[in-house]
Amino acid sequence: MQDIIKNKKQSKNALRIVEKTIPVLLFAAAFVSVITTVGIVFTLIGETIMFFREVSFFEFYSGTVLRPLSPVDPQFSILPLIMGTLMTTLIAVLVAVPIGLTTAIYLSEYASKRARKVLKPMIEVLAGIPTIVYGFFAFTFVTPVLRDVIPGLSATNALSPGIVMGIMIIPLVASLSEDAMNSVPNSMREGAMALGATQLEVTFRVVIPAAISGIIASFVLGISRAIGETMIVTIASGSSKNFTFDITQSMQTMTAYIVEVTSGDAAAGTPIYYSIYAVAMTLFVFTLTMNMLARYISKRFREVY
Amino acid sequence: MATTLRKNREIKIENKLNEEPVSKDNKVIYDTRGLNLWYGETQALKNIDLPIQENHVTAIIGPSGCGKSTYIKTLNRMVELVPSVRTTGEILYRGKNIFERSYRVEELRTRVGMVFQKPNPFPKSIFENVAYGPKVHGIRDKKILKDIVEKSLKGAAIWEEVKDRLNENAYGLSGGQQQRLCIARCLAIEPDVILMDEPTSALDPKSTLKVEELVQELKKNYSIVIVTHNMQQAARISDKTAFFLNGEVVEFDQTDRVFSTPQDLRTEDYITGRFG
Amino acid sequence: MKQPEMKQEEYIDLDLVNRKMNKRLMLNKAVKYLFLVSTFIGLVVLAILLYRVAMDSAGWIDWQFLTDRLSSNPEIAGIRGAITGTLWLMLIVGPVTMILGISTAIYLEEYAKRGRLHSFIQTNIANLAGVPSIVFGILGLTVFVRMFGFGASVIAGALTMSLLVLPIVVVSAQEAIRSVPGFLREASYGMGATKWQTIKNVVLPASIPGIATGVILALSRAIGETAPLVVLGIPALLIPVPSGPMDNFTALPMQIYYWTIDAVLVHEYANLAAATIVVLLLVLFILNSLAILIRAKFQKRY
Amino acid sequence: ACGEGEEGGTSEEAATSGAEETDGNNTEENNNEAGEELSGTVAIDGSGTVYPLMARIAEEFMINEQEGVSVEVSRAGTSAGMQRFVNGETDLSNASREIREEEIEELEANGIESREYKVALDGLTIVIHPDNDWANEMTEEEIKEIFVTGNITESDEIMWSDIRSDWPDEQVNFYGPNENHGTNEFFVEEIIDEQDLVQTINLQQEYSTLVTLISEDENAIGFFGYGYYANNTDELEAVAIDFGDGPVEPSLDTIEEDGEYGPFTRPVFTNLSINSAQEKPEVKAFAEYVFEVADDLAGDTGFAPLPEEELNEQLEDVQSIQ
Amino acid sequence: MATTLRKNREIKIENKLNEEPVSKDNKVIYDTRGLNLWYGETQALKNIDLPIQENHVTAIIGPSGCGKSTYIKTLNRMVELVPSVRTTGEILYRGKNIFERSYRVEELRTRVGMVFQKPNPFPKSIFENVAYGPKVHGIRDKKILKDIVEKSLKGAAIWEEVKDRLNENAYGLSGGQQQRLCIARCLAIEPDVILMDEPTSALDPKSTLKVEELVQELKKNYSIVIVTHNMQQAARISDKTAFFLNGEVVEFDQTDRVFSTPQDLRTEDYITGRFG
């Protein structure tokens, strides 16, 4: 046997070449993701610069009036869009975080194995529904229902898509939080239970503190998902570019603005056209920051055990 | 095999004893009667009868997988955390059947502390670890908590080592210190019985020694059930020893007798190192 | 060892503990039900949503709808083109993300030294996962549609989607590779196998279920995405069915989008949109069941 | 032209594989006599307003005329479509406004010769809530006055009673499509003479949003193309406009350039690339077809047809392209 | 403590021996010289000198964490799978330093088989498990493979039990069978040395016995290094025993001597069960 192996020296050499080339190929593949990021930055940066040649950086980030299409006096300020984005995101987070977290707690700490096996995939279906469907749902169902309760609510508003976006990201928050809680070793739960703690006390005083980094990271990911969500707000939030806190009125998010302009009338070379790149760039930086934050948080708050 | 002989107990407890004993000294605190336990389809404990006496150290030995952990976890019903578990028979704790519907398991666990194989402190400060139990049970008073923490840490013979770093994370401690911290945590709720599942198996020799000494010390005030795979340890520290095999109690007697004149061939095989 | 006199029940008053125990247990129970209710909120919304879609689509889904081509007449309109377009997307996105994703994962898990480069690529992938899909749309428009001159073709859409879902595949493949127990690797190395032999013969086969699940999840994300396609400029009216990667195409979510916004002109379009949603959800459901099935079937055999 | 009953490439394979062969033949002869089977693609983009009509025509063309030809209609909007047209990406470009000077220059610079054709007429419709029983009729002047900023009150918070004193004392809510739409441009340029719209107006991108908003607001008044009203008569009511000869309801009959609703009527356009028409017979065939059927199909999609003569003139113009 | 005495070896090897031996019977096949090993910052092996003789069974004993596994994994450089590992010193395998740059680790591992603590068959058929090694080394011929598989399974004393189910998944076997399968897998490449890291610690008594018998059998043709925490086992099956403590070799001698007259107090403490 060892002799046969010796005799296979020939193929050994071929093997060595394979061993050498494979990592190179794999690295090339891994680099595609880097190229993608570079690609995104390059696509956005050129046009963004063009935009800031025509519109002052200061005005863009400090003004409150966005009237890109006005033939007489176009004004570019991203604040109304940021406000729209923040408002819808805030609402979404207010829906998704409590429901997502309690769902995670229920699944991870209370539910029987069988119940979890049934409930978890069902909840995850929520994440699989195309956002366009949610948009439709928000506009034709949630808004009318809400209007029965809230008289002043406009047919397009920030509230309804915010809520629906929240529902959409429940599974994300629930899933990731549940993972974080599941990875808390059982020995810790046992330690607490052996002291006579109830399930609730175990959960809130041991499991959640131990899983907090993962839980917060899930919130942050949920937030960045909400920030980047497009179709729900495009359909259900209208296109008013008001700088307002009034969530009962139509608002526009950064993403919806990009859809409006790209599917609209903007001619290349005009400030409107360039403005979508400046908005996209801002959006990119926003989500980038959120992700960095998520990573920082999971590192910073990771409990050692 | 070097067996450290212990002072003989006056009263010989019959294996499979069923009558309640009378003398205070050998009062049965935990009485297991006809206990069977299944994980799903597989039976892990078979018709266990085992009286555990107050202020004794009862050692449970046996090869891996024989059901030692399962049994000790049944004593505080921790085994029920495994969803598929089913039991028949009864365990009387101070005369009350812990499997009864009305029996509140949290109350049981307040009386019966547990120390695990791997030290499992919470990822909190040393202080918070020890204070956890009292806090859960409603003690809020800072001063009382401080007293309890100090007393428990002293009881677990770790006070001197940690008194200056009570606010540091428990994971900064060595394994042996962590294990003693867990014992302190368990003492903080002033239990009646302490269950220990191979408490030294993850520890180095020196820490092992410390914990063993501690067990001897604690015996004065607590009843202790200790699982161990280290026969020398069982011989050194326990008053009574139960030998488990395949979910059954093969032999249960005074420790010195189990190690010097085992009644069952399988026990002999095991303690002479034929298997395990 | 100094032994303080430990008297029982010195601090812990058992009566008090017992009295508090009632409250604690009750709270525990109450909260448990609260959490259960909360868990069901999402499901209730899901049920309403599905019910409404089902009602709107009732009577509109039939063989003709599935196999006919697009038309502005709702009575004869079908989604054969959109279905085919979506299938084409999957056909390209699947292999592309699988090859790129697995390669990246292997590189990161098995080859890359844990250092700057490794954490740079890893961070980069995590960031890409958070980039809004519409930004990917802009990238695809600039690079694939314009620069490469693919136009709004299947290949341009598929490549855009591939980049969009790549992080999903990479992360799940990484997880799958990581969860291959070390002892299997050791066994292989122990036989004198080289690194690549070990990866090829042991690591990859053992991580296939995880990878497959990731690819399926990525696919279901890809076929549900609308925003990037809107930016790419998919034609609203396209009757021919795409027959190759270079053909122009439309996909199910685009059809839903256009029919939704045009329902204001022809009310029946709302029904067509709902019917298309049902079809899309059905595809997603099948994909997800497949993922669950794979997960269950191959769950930890070692 | 009639392709009916002929064996066209029903399957997609036949459609594309046939493409190359016939393509070669046709460019040689460069004619498209009736009955000849064409193939290839006609790419159209541009106005979302014109889209329903053009999509309808394209569909009829593919079913009844040339099964082998794929006409792709997109709806990026007038200007965005024009941008693609200028780059030579499309063969026809729909527009809800006339071509701009800069666009013509760019076309020239790119060596593209194009011609602008009218396709149909759209009547700008003023709509209100169906429960609104006071403003069913308004004068042209009233419309022109109330939609302009600062005309009635400084704050643009206008009461119905500010318009006519016997109307309710409730605030008017204005709605309209945003500047992304040619309809907005037409309204501002042609109706209110390039004055600014009232500040309180709610401008939206999607017509579905507008229809919903107005249908749920008793004090709403809004404007958009006739098609969006015609398909939502349950939820909306059109204001009859008095242009001096009594109130006129917009309808397919009244929307004519010289018709009773004339002042609020505008043409919608398509721009044809002459280069494409010369090189690709299918483009020319389709362009001809547009003017053959535009009058039949306009009504179905909410437009009024152009006068017969005008269509014929344009048809001849297309036919004359060599 | 029951020590099974083994026939005395003629030549007493000095601990920390440095000269090459001459007689065939005690030819040193592996010679470890001044080996230090660090995991990141923590040193796991400290200045190890250990000559391992051909056709002997060398047992390595010591408490948990003392570096037994680390050492045995260093012998076939498997320890390098941990990225942060750093070594100094040398290990000569048949006179060549395995840490040398030009040394091909795959070749080394082809000569040196390894059996692990937990049976680790591949999730493949029994046949494929055994054929894995030969295949990896380029043997494709069906017939040869079949012969190798049969021979190896016979060598591992498991052929009779599995010959009718060679195509079934290896995970269908019992733990003991799996472990013998892993031994068969290792025999398939006809190694020179077999390293075993607690090969019986996850097995039941019966399987343990089988594997022990097998080790005795294999000794005739192979040199074996076996790590075990079971001192009785070491005493039963090995010719030489090395006692590790905290990464150091405290004692290395003929097995009977280590167990009957340990030179070092710590060894004595350990084998009398004072710790571990």
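Going by the order they are written in, the chains are A, B, C, D and E; count residues from 1 in each one.
What we mean here is this: a residue touches a chain if its C-beta (ideal position, glycine included) is under 8 Å from a C-beta of that chain, and two chains touch if they have at least 3 such contacts.
Not measured: the values here are computed from a predicted model.
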For chain A and chain B, the contact-path distance works out to 1
Of all chains, the one whose CA centroid lies most distant from that of chain A is E
Per-chain Cα centroid nearest the overall protein Cα centroid belongs to chain C
More contacting C-beta pairs: B-C or C-D? The answer is C-D
Cα centre of chain A to Cα centre of chain D, whole Å, reads 38
Chain centres from averaged Cα atoms put chain B and chain E apart, in whole Å, by 36
Cα centroid separation, chain A vs chain C, in Å, comes to 14
Chain B touches at least 2 other chains through residues 106-107, 110, 136-137, 189
Listed in rising order, chain C residues that touch 2 or more other chains are 17, 24-25, 194, 197, 233, 260-261
Where chain A touches two or more other chains simultaneously, the residues are 196, 198, 201, 235, 262-263
Contacts from chain A onto chain C in the complex sit at residues 15, 18-19, 22-23, 25-34, 36-37, 39-40, 43-44, 98-99, 102-103, 105-107, 110-111, 119, 121-126, 128-137, 140-141, 167, 170-171, 174, 196, 198-201, 221, 224-225, 227-231, 234-235, 255, 258-259, 262-263, 276-277, 280, 283-284, 287-288, 290-292, 294-295
Listed in rising order, the residues of chain A that touch chain D in the complex are 69-72, 139, 147, 154-156, 235, 238-240, 250, 260-268
Given the complex, residues on chain B that touch chain C span 104, 106-107, 110-111, 134, 136-139, 144, 147-148, 151, 154-155, 157, 187, 189-190, 192, 213-214, 217, 220-221
The chain C residues in contact with chain B across the complex are 1-4, 6, 8-12, 14, 16-18, 20-21, 24-25
In their shared complex, chain A is touched by residues of chain B numbered 76, 78, 81, 83, 106-110, 112-114, 116, 118, 120-124, 132-133, 135-137, 169, 171, 182, 185-186, 189
